[in-house]
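Below you'll find the structure, written out as C-alpha cells, and then a few comments.
As written, the chain order gives the labels A, B and C, with residue 1 at the start of each chain.
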Amino acid sequence: MARFLLGERVMLYRTEAGAPIALADYCAHRAMPLSKGKRVGGDRIQCPYHGIEFGPDGHCRHIPSQKGTPQQMRVQAYPLVQRWNWLWIWMGDPELADEALIPNHADFSFVDGNDFWKVALWRMDFACNFQLIHENVLDVSHVSFLHEGLADSGSLVTTPAKTVVEGNVITMTRRWEDLLTDRYAKTFGIADGTRVIRTNIAKTYVPSLNVAMNFFEFPDDPEKAPAMRSAPMAFTPETDQSCHYFMAVGANYGEEPVGAALEAQGQALWNLILDDKDATEAIQEAYNILGASTPDVSVRADEGAIRFRRMLAEQMARELPQVSS
Amino acid sequence: MARFLLGERVMLYRTEAGAPIALADYCAHRAMPLSKGKRVGGDRIQCPYHGIEFGPDGHCRHIPSQKGTPQQMRVQAYPLVQRWNWLWIWMGDPELADEALIPNHADFSFVDGNDFWKVALWRMDFACNFQLIHENVLDVSHVSFLHEGLADSGSLVTTPAKTVVEGNVITMTRRWEDLLTDRYAKTFGIADGTRVIRTNIAKTYVPSLNVAMNFFEFPDDPEKAPAMRSAPMAFTPETDQSCHYFMAVGANYGEEPVGAALEAQGQALWNLILDDKDATEAIQEAYNILGASTPDVSVRADEGAIRFRRMLAEQMARELPQVSS
Amino acid sequence: MARFLLGERVMLYRTEAGAPIALADYCAHRAMPLSKGKRVGGDRIQCPYHGIEFGPDGHCRHIPSQKGTPQQMRVQAYPLVQRWNWLWIWMGDPELADEALIPNHADFSFVDGNDFWKVALWRMDFACNFQLIHENVLDVSHVSFLHEGLADSGSLVTTPAKTVVEGNVITMTRRWEDLLTDRYAKTFGIADGTRVIRTNIAKTYVPSLNVAMNFFEFPDDPEKAPAMRSAPMAFTPETDQSCHYFMAVGANYGEEPVGAALEAQGQALWNLILDDKDATEAIQEAYNILGASTPDVSVRADEGAIRFRRMLAEQMARELPQVSS
C-alpha cells in the first residue's frame, strides 16, 4: 500500500509478524515503486522490476542478477508505530523520533481507557494544505454559517472561547449554563425539555491531531453521569496542496459495540464535513491564484488559528539543520 | 456570479435596487470566494464561511463573532457601469476610471439609437490570449481560407483595406463597386441579380471591442435605403491564456422584434466562429511550445494587427506606475 | 500528419511523387499548425488560416493577400529519408545529416535481405523519457521478474551477458548450451524434447534502435538451419517525458507472407510490453517527484545501460555548438 506523506511516496506494509513498516516507495536501484512489488520471505519487499529485495530496515538483502549487495543499495526507512488505533510516522531525522510526542489519548478519552473509541468513522481527502483544516476546526464560529442549521443554534459564533496553551496543546473551552435541550443535545439522546449545562472543548495537538469533546451535565439530576462524546481528528499532509482527514468518534451513550446512533452521527458528520472540504479547497484555490498578494486580516475568533500557525512555524524551524556560527 | 477577468476572480452581483457591483471574489479574512455567499440586507454580501459582511464599496460592515470591524477588513471594489447593454469594468487604478472611454455605440449603430441592436447573440469561451482574436478579426483575409465557401466569394483576401487610426480606434474599410448579389448579399435578403455596392468597415476600439459593419447600397435604386448590419464583438480576457467572445448583432432588415433571419445568422456565425476558435487555440498552443522562438513574419495584411499590438502595448505602459527620476 | 519529435511539432507528408517530407509544424506567419492545412499543387502545403503556401524545402511560395514572398517567410525543413521500412529524421544541424549513420539492417537480418522483416507489428506510446526504455531492454534481467513466467524460465537473470562496444553499437550476447525445449523455444515451433543451443543477442544502436535477436541451433541435427527471430525496436522521443515504441519482427519460420504464429507473437509481445510501459512510466513519475534526490545505485547487470547513458551524453555533447577559445 502506498501513501503520499509530506510530498514523499511511502510504502506501508506489515511483516509476517504484523509489525507495521514504512519505507520510501522508490527502489534504490532505479526508483521503481516498491509498493507494486510483493512481500517475500516473511518480511522483505521484492521490487517488481528486477527482483531486488529490501528488509524492513531498508537495507538490500538480495540482488538476483549478482552475488553480494552494495552497502549503498538501501531505501529510507521511516520510524512507524501503532498507538491508540492510529499509525504514527516520523519523517524527520530518525534520531529525533520520540514516542512520547504521541498525544496521550487517555487525556480526552471519557470512556473505556486505551481502546476508548467506539468507531473509526472514515477518511476524507482534501485538496488543500492541512493547515487550512486545522484553522477550520480552530475557529468554530464558522459552524453558525457554513453549517447553518445543521450543528448548532447559532450560539457558537457569539460565545467566545477560553484559550489555554500548554506545550504543543491548544485547548479552547466554551461553556453554556442553563440551556434547554437543543438540536445538538438531541443527538446525544437527551429528552426534550431537559435543563443542561453544555461544555465544548477543542484540543489541538500541533501538528497532528484535533479533538472535539462535548458533554452535557444535568443540573436537575446531579447523580446522572454526563452524556459525553469525544471525536479525535487526524489531519495528515499528503503534499502541500492535499491532505487526509481521518475522523473517529467515541461516546458513552448508545448501544455496544457500535450504536446505530453513532453510525448515523458518522454519516451526518461526513455530510457536514463535505461543506468544510468545499470551503477549504476553495480557499486553497484562491491562495494559489493570489500568491503573495493573499489577503489575510484576522479577527479575535482567529486566536486559536494564529497560535497554531506560530507553533507550527516554531516546530518546523526546530527541525531545520542548525547552522553554528 | 463569479468571473475570471485579467487573471483575477471577480464577483458580480446587483444590489436590491439593481445597481451592478463588482468585488474581488476573495473574502478579506481568509480568501473564501464571496460569490459562494449570499446577498443580505439588500446590498451586502455575506461570506459563506464565517458570515463576515461587505458592502458594495468593499468595506466590511459586520463580523458576527465580535463587535467592531477593523478598517483593513475590506475587499477590492472595481468600478462597473452598464452602458449599451454591456457591463464595463475598470480593473486598473480606480482613480483613472473614465466612462468617456466607453465606445460610443451610436458611432456604429445604423438603426435604433441607444438600444440599437436587435439581439445579443452568445458568448463563446476561447482558450487563447484575447489578442489572438483581435488579430483574427483584424486580418479578414483569413475568411477566404479558414471559412472557405462560408462567408465570402474569395474577394476579401484580394481587396486591400484602407486603414485609418484615430485615438484608440483602428478603422479598416473595404469597398466593392458593381457587384451582383453574391452568397453574402443574400443573407441580407437581397434578391438575385441585383446590382449592389458593398462596404465593409471593421472598427477596433483598443482594447475591448471590435465592430464589423457591412452595408449594401443599390446604385440602380438610389431611393432605396441601404441594407445594413452591425456586429459589435467584445473580447474579454479571463487569463493570459483564455478569454470570452461576446457577440451581438443589429440590422435594419428582418422582422421585429428579432427576425428569424437574424437568429439564423446568429447560428451560422456560431458555427463559423468555431473555426476561429480552433485556429486561435492551436496558435496559442504553438506559442506555448515555442516560447521565445515563436516565428512571427508579418505580411501587408497584418497592418491592422500590428497597429493593435502597438496601441495595446502603449496603453499597458501608461497603466504602469510611473517612476520619477 | 503531425508528430511530436524531440519536443517539436513536426508535420509529415508525402509529395505527389511520394517523397516523404518533414517540416516544422508552425506556419512562419502566425505559428498555425500546417498539419491542419492541405497539400496543393502537388507538393506544397497550404496553411489553413490565411492560405500561405510552403514548398518541401520550407520556403514560402505564395501569399494570397499580396504579391511577392519575403525571404524570411520560411519554416524549418528536416532531412528525412525512408530506409528499411522506417522513416529516419535528422533534427540537428542539417549540414551534419548523414545517411551512413542509419543502422545497416542487413547486420541483424537473418533472412531476406533488405526487406527482411515480415511484419511491422505496432507502435505503443510511453509517458516516459526514451532512455528508460533503452535501459529496460539493455537489462534483460527484468524479464525474470516483471514478465515472470511469460518470456523465459528465469535463466536470463542468472546468465551474465558478454558485452562488446563498437562505435555507437552495444552488443550483449548470452548463450546457453544443452537446453531442452522450453516455453520460449516452443514459440519458435520447436518440438518438445529437442536439445537446443540458444543464443540471445541484444544490439543497441545509440540513440535510435535496439534489436533483439534470438536463435536456436540443433546440436543433434547439424544439417538443420537454426530457427531465428530478429526484432528491431525503434524508440523515438516525443518530448523528454514521452516517446514512441515501434516494434517490428522477422523470422525464418512460419508461413509466408506472415505466419499466424508471428501475428500471435505480436499480440503476446504487446501484452508483455504493457508491463514495461507500467514500469517505465512509474519510474518517470518517481523521477519527477524526486528530482535531484533520485536514488540511482547501479548493479553489474546495468553495464549496458551505463554504456548507453555515456554514449548518449557524448553524442549530445558533440551536437552542441562548439565554443572556440
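Criterion: a contact is a pair of C-beta atoms (placed from the backbone, for glycine too) under 8 Å apart; a residue touches a chain by one contact, two chains touch by 3 or more.
Keep in mind it's a predicted model, so treat the numbers as computed, not measured.
Peer 1: On Cα atoms, by how many degrees is subunit A rotated relative to subunit C, nearest 5?
Peer 2: 120
Peer 1: Please decide if copies subunit B and subunit C contact each other with the same set of residue positions, more than half shared, or with different positions, and reply same or different.
Peer 2: Under half of the interface numbering overlaps between copies: different.
Peer 1: Can you compute the centre-to-centre distance for subunit B and subunit C, using the mean CA position of each chain? Integer Å is fine.
Peer 2: Taking the average C-alpha coordinate of subunit B and of subunit C, the gap between them is 49 Å.
Peer 1: Among the residues of subunit A, which ones contact at least 2 other chains?
Peer 2: none
Peer 1: Subunit C touches which residues of subunit A in the complex?
Peer 2: 7-9, 25-33, 36, 46-52, 63-66, 70, 72-73, 75
Peer 1: Tell me, which parts of subunit C touch subunit A in their complex?
Peer 2: 135, 139, 141-142, 144-146, 157-158, 160, 278-279, 282-283, 286-287, 289-290, 294-301
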